[in-house]
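Once you've had a glance at the structure underneath, I'll fire off some questions.
Every chain is named by a letter (A, B, C, D, E and F) in the order it is written, and numbering of its residues begins at 1.
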């Protein structure tokens, strides 16, 4: 179901019978001593493949560059501005519509992309009535996360290279993880950080937000499967709506 | 030498000792019945890996979406506007400079990207003195191509899914090619096409420009190796210049 | 402490001794049958005045137009695009820096503005080192809200014209509220709404998300005072930092 | 007739019966020792209210930030770029059209906004046939001004914090004026100022262009009433045209 | 003194000794039955030549396309948006600074360009301290016009293809005028036209605003010479300032 | 056939009977010691006149400013950014369509403009179906150039102020050439120049790329006539297509 592996010759019919495109979207960003810079990319790709199988969708090539503001001064981080991402996603959406797709899942594994993704989705909503864009960032996982966690999260909204994200990697891309390097690091995040621009380099040197050593494949499995279930449920329903329209 | 496989922890020193980033850049575009939509991406990635080995550079994650105007109404083609690409490349360049890179090779396997790549390179030239951007599209291959070709090219400037490009794929990504589907198709390209916007759908249905059946791994090897030699030569010289500066 | 009531003659010295500007920011948006279109503006202005007294800051004239996507097709809603707001806030920030301000509080009472505000704050962070921008949307109120609420919220992230927001109005601008028109309306918000663009008109006709009839001045007081305490604490600390720098 | 005081519930019908929106538009700008920074805002708001009564229109919340180039380096001036203002006004116009308004009066009390206002009006003219945008800056007052003036103007086109503008304030917002601080200041404006960018700080320290001490409520009344008469006449005629169309 | 007639070889020294560039700027626009579409271009070019002689400046190639909104639906009118013109003039200004020019005269013969010209001049003022930009549109002619006119103007601010503009052409480019076709046409310009976007096609079919038959070479001479005197005076003074600085 | 020499009165009918507009497009750029800065402008204008005669088209006023990156630091070069040019050409195209033109020939004599011209043509292709834009840069001359050349070109793609371009000038604008100053200069162009931004000042001081002394009117005549033949052929065919459509 890798879109770019197909030939043009057969794809037109295939799109008609399965008009669902899935875009993995990640980033290149520092993820502590035990996870690679491409962590969000590996997660997004693997999630996309599994979702594609469940909903019979096409996996587009990954968009591996994202908006990385908070960690942009960590070694290895690469960033694209929100405005650029919005244009890029809007252009791609225009192409997908032209190709006959009806549903576009942007499967985003990097929280920093959320603003651009939502804005692009709204642009496309206004440009292309009838074309549905979904943006997912581990949906439907709040409850299961609270169950599997051994330690409370370092921050209520974001998590990074920690017990949870490391667990996701152990489940989806174990070979990229070096647990021997995993550390626990609980930075004191200044209260102001939610209210004023605050590069993370002001409060952490490791870029690990919490207890990476507590990560396990099992925790990852439970959360990721919950996310996959939720995404599947939503896409399947949207697909059914399409059929109703026809 | 895959950049995103590295951890942040070690990358800073690694960049210092090898400040060369290589960006594979392709497109998703119709390539006839025998080649996949991602042909330019597969070529760009494989070329990048080989160049990286020769010059001791870092391969960045591929940018798999390009400017696809001429074939945008073929099944499967996805396009990003030049303006968007220019911003994206400029953003990435800014990040690379911030990370300490000194040389950026944009290894482009899709001719439609050439305008955006060159414009971004000029932007970066003005923003970051001392940061060198190279853009390559099969450099130094003109002579060897004229030697290996059995049939003349269909067009003096561009080639597509033909004797040559198929040969490149046979050498670099043979498993993606289905030679049993290869065809010969010599469309009559209207003279005006060089002087007025002309979607290719006006003159070809197959998107093959010439004799795909004549492709061979050997032809591919000769041309690709020539391109690699030329790129290596140029990058090695630029690297030597860096050392001279220090 | 209304900035625009001052004369130019005296303001320069006043800015030096109190370099804190507070921008009330709201929107014109449908707020049910019992609250006026300008609800967010009235809240933002009143909050700003009270914060200004506590931190000895200047209240700038309100920016009364915001990003209103979700309710844009309700009668009376007026909207400005995110991109426009970002430019506007960035321009204002540039002026404030030029005028000698050191701290800028954007006191935002409309959630739809949050994206633009944060993006502008980051722009200014990069343009003007040493200039601090804070963006507040009822900070520090999560706990007290959970205490005063009689009914659970209709949505985990946003609230609108409901038990809480109506209470804020009863505390801060009682004369604008017509409790005789207050209703309870618990729409069934589709699960997809968090993952795909969903105008609220698809699930509510009243624009009330919950139990407006449960609102009270006392509930409003407790939450608003908590928000004021938190904002005060943060701004006072930032002010102290300024003095340390000098 | 304050738009934002209304509820969404009733506004749709009200717009249908009176589809006229009036936007007060001013600026925050130095206005000498006797007038506040918000002078243009106070004038715009008061004028808008009076015009609204005469034409049965809706007063929108004021846009209190304008393009302030010439006085941008005076204490207290805040400026927004023309390009930003054009986008903001165009966005608002789009919303007003969507809400069913047919006539939009931009009642501008700050000359520096004139360029942006006109450009936005032209944009909207092309986007929304049948939607009429009027931009007023004290129209129809030339004759009466020449009658009431005791001293000739300092400049043929613009006036500022002077005999005339101070009179307007005395008529419309007397409580904001401190006549005990009023001065006469006749700067020598360089001839070049009409032909080359010339910040006013190069020729005046007070920002008063002429004889503020000569201001009187009566002078203000005569001019303002003339302006109101002219605006009323034009809007009433446009309204009659609407009815003719129906 | 035509800049583009010079060779690169000698120009650097010439710029140093006479760092004044004069840009003729006009438009292609309907000008009635007796004047050509390029009227503003012919005027701008001829004026520029004469000013160049007086101030020892360089005449740049004409910018023959301007902002033509009001007459854009007349046969032959061509228009460029304000935003485009602003960018174009800013780009050119950057180049002139790079080339060592110190004074740039934009000699504009088309009123519709005034907004873009002024905005570009302000941009350049901020980008290049010490680089002076002048924008002229028949400066210093108000008094002499009132003396030579036989009939009052049709509009207080603008004039077009009338007694005055035709006279300018008779003085500066007589061979382009066909007085046998000159007409008198006094349209009733609606009062609203100063306050709302009003294409001229709504009130005139000829595009002549007044009494073209009253035009004479002598009237043209008096006004044009007054304009040249004024421009010369201002530029000579600016030039003297440069020398003072050195 | 100079468009701007016509009056509005007669042009509408004339456009209908000959809906072909020809835009000469050049640049102001260093061209060695023997050719003027406006060389590309003189060539574009003269070529346009001759083409207009052959195809019965209208010559628009020249656009004399182009994108001059490579030689921008040579004395006398003036440059406009690609982005600006694209907007300018798109604006003009919109006007031409509005005026009833069906074919637009952009006769470009400056290679640096090629990118902007092509991009604008594509924009217009999408905006105005049925409006044809042609962009010419000496088309159909490759063979004759190889015949008349005495010396091989210095670079495979571009030529400048050399045997060929000087010959063009001798044929089209002999009075602008000073052959007594012509030189031969064969710079060593670094191989990298095709792959990385390379201002020409890094390899030539004269801006002459080859053997200007070998230029002759006869060589120019042969090449220019070939270009004119080719352009004529293409435009005539497009014109015939128009008639077929009607």
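Details
Definition applied: a residue touches a chain if its C-beta (ideal position, glycine included) is under 8 Å from a C-beta of that chain, and two chains touch if they have at least 3 such contacts.
The chain list, named the UniProt way, goes like this: A, B, C, D, E, F = Creatinine amidohydrolase.
Every value quoted in this text rests on a predicted model; they were computed, and no experiment measured them.
Between E-F and the choices B-F, A-B or A-C, the pair with more than half the same contact pairs by residue number is A-B. Inter-chain centre distance (subunit D (Creatinine amidohydrolase) to subunit E (Creatinine amidohydrolase), centres taken as mean C-alpha positions): 30 Å. The distance from the centre of subunit A (Creatinine amidohydrolase) to the centre of subunit F (Creatinine amidohydrolase), with each centre set as the mean of the Cα atoms, comes to 49 Å.
Contacts with at least two other chains are made by residues 83 of subunit E (Creatinine amidohydrolase).
One closed ring of touching chains is present, and its order from subunit C (Creatinine amidohydrolase) going to subunit D (Creatinine amidohydrolase) first is C, D, E, F, B, A. The residues of subunit F (Creatinine amidohydrolase) lying in touch with subunit E (Creatinine amidohydrolase) in their complex are 2-9, 11-12, 15, 28, 30-38, 41, 60-65, 68, 72-81, 83-84, 87-88, 91-92, 95-96, 98-99, 176, 178, 181, 207. Only residues 69, 82-83, 115, 118-119, 121-122, 125, 132-136, 139, 191-192, 194-197, 234, 237-238 of subunit F (Creatinine amidohydrolase) touch subunit B (Creatinine amidohydrolase) when the two sit together in their complex.
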